[in-house]
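What follows is a set of structures to go through.
Heads up, the next two complexes both have chain A, just with different partners, chain B and then chain C.
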Partner chain A sequence: MSVASPYPKAVPEANRYIGQRSRKLKGDQFLTGKTEYVNDLELLGTVHMSVLRSPHPHARIRNVDLSRVRQDPRCISALDGEEAKQHADPIPHFISAAVFGGKYNDVRVIATGKVTYRGQIVAAVVAPSRGDADALLDLIDVDYEVLPFVLDGDEALEPGAPLLYDTEGWEDNVVIRIPFVEGDFDAAAAGADHTLEDTFYHHRYSTQPIETRGYIASWDPRAEAYTLHFATQNPHPLRWVLSAALRVSEAQIRIIAPTIGGGFGLKMPGHPEEGLTCVFSRILGKPVKWIEERDEALLLGAREHFHRFKVAFNADGKIVGLRNHFTANVGSISACPGWGMAFLAGLSFPTGYKIPATDVVVTAVTTNKAPWQAARGYGKEGPQIVMERIIDLVAEATGIDPAEVRRRNFINKDEFPYKTNSGLNIDSGDYHQALETALKLLDYDGFKAKQAAALAEGRHIGFGIAFELTPESADIPGTIVGGYDTSTVKMDPSGKVTLLTGVTTPGSGNDGGIAQIVADTLGVDLDGITVIQGDTDICPYGFGNYSGRSMVSGGNAALLAARDIRVKLSKVAAFMLEAAEDDLVFDQGKISVAGTDKAVAIKDVANVIYTLAFATAHMVEPPLEATRVYKPDNIVHFPDEKGRIQPYPTYSNAVHVAIVEVDTETGKVDLQRFGVLHDCGNMINPMFVEGQMHGAAVMGFGAALSEECKYNADGSLAADRFKTYMMQRANEIPMVEVEHQVTPSPFTLLGVKGAGEAGVGGAAGAIINAVNDAIRPTGARLRRTPASPIHVLAALKEAQ
Partner chain B sequence: MIKNRFQYLAPTSVEEAANLLAASPGDTEVIGGGTWVVVEMTAGDRDPRRVIDLKNAGLRYIREEKGAVVIGARATYTDVVRSAAAAKLPALVAMAAGVTGGGQLRNRATLGGSACYGNPSSDVPGLLVGLGATLTVRSAGGTRSIAAADFFTGPLRTALQTGELLESMTIPVPAGMKQGYYKFKLAESSWPICTGTALVGADGSATVTIGAANCRPVTVTGSASDLDGLARAAEAAITSPFSDTLADGEYRKQIAGAIAKRAVKAAV
Partner chain C sequence: MSDTIHIELTINGAAKSADIDPRLLLVEAIRDTFGYKGTHIGCLTGDCGACTIELNGEIEKSCLVLAASADGGEIRTIEGIAPDDGGLHPVQQAFWDEYGFQCGYCLPGMLFAALDLIESNPTPDEAQIRHAISGNYCRCTGYNNIVTSIQTAAQRMAAAK
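== the complex of A and B ==
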């Protein structure tokens, strides 16, 4: 793989870190269990919070009686919603639908007036231990007026459906309806050889990091400031959220995010427990700790779209029109950024295919399910699954090979940058080549014969293909979701480097990747670099972790900052070596003059800059510190003539292939092989990219096969533990066979694109297509996720 | 988090355990490995004042006795897999080895605990019924024996009376018969959704017990040479299908026939 040289005179290729599979920073600490997570921290005097959650999906709170709990000697403090209102304002919405013309509702740290989902917080207590706090919840008496509720998105849209919110502007349960319309679909359909109509249900599932959320809030009455040890992906944005809710300035809040045991979106801001621990800490002047239980983490959902689509296409497999009006059941309104996934699901159609006329409308509807929270893929995974179903349906209808239908509809490599119907400007790619490589990975050409032979024995095997376009590194205008980020590089007088960045790591290894960039730029050893992330008082302003942004924003910012340091080192070294700057080579801790044996240690140059600022180093400004921001190209927020914006700088892509066998007696799907060709442009560390792809693909397996936020008819969550919310286990998944293609981004300094989100939708799409390929001889068709035995058998029975 | 304090008791004999239980049976839980009761206590679904842990009560044994294998209530799945005596019952070993949740669960969880929990959607009830086991239960007043078919009376219900605890399970070694066990799950994380325990005689006569599909295990008989007939009988025998979060009864009934066939195939 070749990486465009990011610095004036490159470190010799043999000594470069960029492109290498350098090991994870502090990886030994993870492996040996020495890493400290938030639940490992014990601050002196810590007390513990527990929250009482509504047992009703929809009810008016007539009264909360805390008298019994307050009489219990274990009770240190207790609050109901009305009391909490005295201490905290509504939580600002991380991405407000109102910014885009949708509706808004106040969300508070404890509900007041009404609860709109089972699990909403109605009161909270603090006790010396978590066990005591949990026990105290039994002593809280809440009087509810139970109201009719609605769980289904379509039912919530019907006239006469229970209305969740009775505040101004809520005449129905629609949060927002967003059209993405381009061209004349009806005319395209009228002129096309064929049309087909079908539906697809993309069910509700979530992300479940093994470490749940956890917060320790400490108010220091003397300093009049909070120190918050929070398992959060976004320390600076969270500081903004909390300062508004808690009526303090941002300077009064220091957030320190310790090591995170997985994020995947769950740990983005807006959760009521964030502010609630702060409120109690301020009342008590003590650290207040809350660790989320698994059944609490499982409340938060994502996805649940019902797609109704019509496709117009010609006999040659060319698709000329797509209409897809779909609903997104976003659950109750929360301050978290979950609902925004509905917006981006609509925006992402029709992924990497050239379809002249598109009429895509998403309707986000609120129901009495718990809210959505951001989940890896952030809405873009749904369109992958649905578009890939559509391509296979067109293939089936025309009798053309599904791979060939893709070839005929893909954007060509010479058409980039390519502006999609929804206004996205796709940077670069070679989808045709990606497809060919992926097909070879699992021997697509040889599969037909194997499939026929298996069928002769009564076995149903299938091959599924899914192309995946992953818009990455978003900047959403008018929100605290930024697409740029900041990094600081410091070299101290002993020549050691400290790297601080606004990007945070959820465990993905981006700290190591960014350090690789800095090491190469300065010609220093990777081991000599200390990376600091996640502390709002120490790190430069940044947006943290989401949208595959770490290398694109934080990595490129670190490159710019390191270059500034290098310029100073170069000037002083040239003076010391009596050489021209152009002749200097930075490598392995030394600056040498090319073609000679003259060299000086970088640490000596650093020392000179600090100690001889008025002599040898007179021509540069000490100290060796630089802070730079990187704003990637290609983001356009001024609407075009059609009112469209372009919120993503990069578009990684992938082609996923899966082979399954379906047990037609039970409906069980056995995923036998899985491969993916991934193209995220230049890779700083291919091992980290592959690690991300492995994880995302397995999330996609769970999405396609087993993970499901099931609800009971009474509005309670049925899947409330890992025994009922079934994540995939190592012994049921095949190897994830990854190959890379490198099409650098023309819009980022290092040619990198986002990595980390890609995989969920592509893997799920390939599996759903493979299942359909396997059961096609039975006449059955699976029109939903997950392809669990129950749903697959139902589809098979329906066809009988 | 276990929210309320409780008294933890670890008696050193089964008699002592029974006497402790008799003292206050209404608010006492008995645990083998604790892999269900403790989980439910953590979730707040059980809130006992006393917990009797059988780990020191001398019930961790598996031995051969008069043509039968006797399994103490505290024997773990791993104990079964490693036991020379249990090797006479390949269906039992296959069941125990197939318990997922990983080595930690197999090393801690007990067959006895699972039997007492009586969750239809689990391995043990169907297997014990299918192999014609007898359960010995103890109270302060002594012991009594209950046939497995009578022990499992319904979802999460057993014939254990107040003040009784399980002491052991006796499984006869079925002479001259082949044994098979087949379990169907939705995914690796899933509880068993339908299980089949098959005994096939030298003459081809087959007895299959379907577990996890019905509120109580059901047994059908037929011929190993007429698998479709057995399958139809198995499906027809599911008269009160069991539903839970993972799968409704209708689905379990639909696959019961296929599972019956697979259990017989596992035996022959």
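== the complex of A and C ==
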């Protein structure tokens, strides 16, 4: 069902900035080392926290003995789980599985009773320096009763598997099982020309911004309030989380997020260290600082799915049915939103393809690995990889060209808005045109001959295609994940503009994009606009950064607020210029009468509104301040007749193409070229959009080729530093060649769609397909990520 | 407490001295003892490059150097790249114009690698640029615009000679 927008679609008349490649705001500050990140802040009297983590993946805590550490003169304070319980309640789950009918488990700032993963916090100390605090951990004695543990998702589902939680409701390790079933798969399969069955393992990998998490909590005993300098993507939602856990009102917490050194989901709320620094600060009345170390950041993984699928299709390549019952090994339960990725992975099938019968069931299972945390793509990246494998398998089975199989199954451009089997309402797109443009980028038509010539020389090169549908800007009902946001625009008496918004930037530049919208709407210079984000006492209520939402929610809200200011300026300027409002043009800091040389400076009109409120500006209400919310259309939370909801307003899409060469001796994959056609509707700043795609695509390269949160058999993390968690380096990869297609969203004011998450799944999918194309002559098939040498060699060996 | 050791350094042209813990890493001394916070910490294992500085004319990852061993050294940090009379160095300017960074955390490594490369090779090609920055991780840009920024900087600097 389409919902008409109550807002006019018009964009400002003079696009000096919207659609332009304006530079990042305050770029010179970053480039000269003046930007302050959380670790750069020095608050008077700061003391430092370090946490002791469990060395066992599963154990009962018999006793924590803090007597030795407390005798050390360097120890300012120390807590175990039972003591911390006196100061803090369980951390509210950012997205609780219980809201969707799943299970819940209390998560505390320090574990009590038992630990369910290696790395879980069992005690914490505070000392004058971080070095001292780290050293003091050796003086904490913990007595554990070691329990049997399980790391594998399928094994955790077997009868007799070790049970992680012995609290009420946990009769097994299933967190939640969610079906997305539409049509009759069995009937579709019975009537189809062919069926095929196969598996695909999408491994565990992670976000890893170069700046890790960091928190400085300060309790002011006189004001009885916290000021928290936290590297967080979501200040207002985090305030709600901490208020509940710390037994204070939200008004007693001010969160100030400084510049963030990358987020990608890692810095979403729910981490125990957030509340723990607050607890110590309240006990001590001093600022308590904790900066995450890299091995701690690497504990938090995402995406470990085992897909078992059956596809029904006809000889013409048309897919008529898909069954995919998959497990998601979400690790231990945490209060962070990670597990929700499993939900959205199920919801996103079958991406942009029309498949009449779908039987998709996701089972999220808890194991003795560390928890998931949100990661760019937020579950939607997995279905891209798997669906694109499926398309290529159908192409192989029917002998039809893989690009043609895509053409035959895509949703057509005249079918939008298109309701998917899982209830999503895809807004707009032209997938066929996107595919053609992407194929031309890397000369698909000419590749077959090159491939044959290479093979004649014993070289294995391959071409991979992946379509990517990216549902963006989610509102998940019953959780603190909102799809709307708020912006405030103020013009002061000297005509300068301050923009405050509830969305935050993790480094992406959305502050600049939103300022571009305001500058054009008001006809002022971009460099006259100051943007403030991330401060819960100053900024209007908002949800921060996730789900490609900054322009969709905060940007459109700023447009509405700026229009409110413009209306006042317009009325007063018309009076001053003795002209009709319809004839006024706002541009370059002036309001002029079209077709004449009559004009007035905007700053002068602003001054009049503040100083002549009872005279010249009598017809408007001062001051020049406006706060507006933007709720995008197309979100539907009242379930339809089948119980389905529609949590996303916009659906960006992309087609990724990759050329690889596989060395069949060593298993090494060389990514030689990579291109992507990206369509996220209207772009406020194409340079920022491209930057998002470059970064996301290269994360996808890492997902496809090298990054892996590998565990040892004893439950410890094998990839616990950058020497073993291998991200892509500049000399290993080619340029990401981006082209745009613009299909505006009919459901958002500026026609924008989400950008930022697209790229991870599409790039990985294209590479995995390219690897399979390259090794096809050997008879081998790679049924997993990543295509790192060890897994490629295993696939080649299996075929021998 | 352990005994301290006295060190004297020049940082961005200014004479500095302090009595430090001999276990202190150079990155910790630069940031915490001397207050140059533009040098960042990303991994402390020498893998990410966010702590890159110039020590006696050579670029170094300052998490891999003990502060005590740098005694007497001449250091340049990211704060010391721009010319003294204000404005930006052409490499910094190119990174801004070409959107060569997003969150900015990796900039110490990327800028010093770029400066070092262009000094020894004023007309680097893409492969040479990628090799030059391969010791530094960037998680935001996919390196695309960093490569472009360094190409632009090199061209502008060559044209200005």
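As a convention for this text, the second predicted complex is superposed on the first by the 785 of 800 C-alpha atoms of A that agree within 3 Å, B and C clash if a C-alpha of one lies under 4 Å from a C-alpha of the other, contacts with A are read in each partner's own complex, and residues count from 1 in each chain.
By our rule, a contact is a pair of C-beta atoms (placed from the backbone, for glycine too) under 8 Å apart; a residue touches a chain by one contact, two chains touch by 3 or more.
Quick caveat, the model's predicted, so the values are computed rather than measured.
When the two structures are aligned on the shared chain, A:797 is found in touch with chain B, with no touch to chain C. In the superposition on chain A, A:723 makes contact with both chain B and chain C. Looking at the shared chain after the overlay, A:642 reaches neither chain B nor chain C.
After overlaying the two complexes on the shared chain, residue contacts for A:731 are found with chain B and with chain C alike.
Looking at the shared chain after the overlay, A:705 reaches chain B, while chain C stays out of its contact range. Look at A:247: by the touch rule set out above, it reaches neither chain B nor chain C. Of the two partner chains, neither chain B nor chain C is touched by A:618. Put chain B and chain C next to each other and count what each touches on chain A; the higher total goes to C.
Look at A:687: by the touch rule set out above, it reaches chain C but stays clear of chain B.
Shared contact residues of chain A, touching chain B in one structure and chain C in the other: 131, 293, 721-723, 727, 729, 731-732.
Every residue of chain A that touches chain B in the complex is listed here, in rising order: 130-132, 134-135, 137-138, 293, 295, 665-668, 705-706, 710, 712, 718-719, 721-724, 726-729, 731-732, 788-790, 793, 797.
Put simply, chain B touches chain A in their complex at residues 1-4, 43-44, 100, 184, 186-191, 193, 245-248, 251, 254-255, 258-259.
Remark: chain A residues 21, 23-24, 27-28, 30-37, 39-40, 131, 208-212, 259-262, 264, 291, 293-294, 506-509, 687-688, 690-691, 694-699, 701, 721-723, 727, 729-733, 735-736 touch chain C in the complex. Chain C makes touch with chain A in their complex at residues 23, 31, 36-45, 47-48, 50, 77-79, 81-82, 88, 92, 95-97, 99, 101-108, 111, 126-127, 129-131, 133-147.
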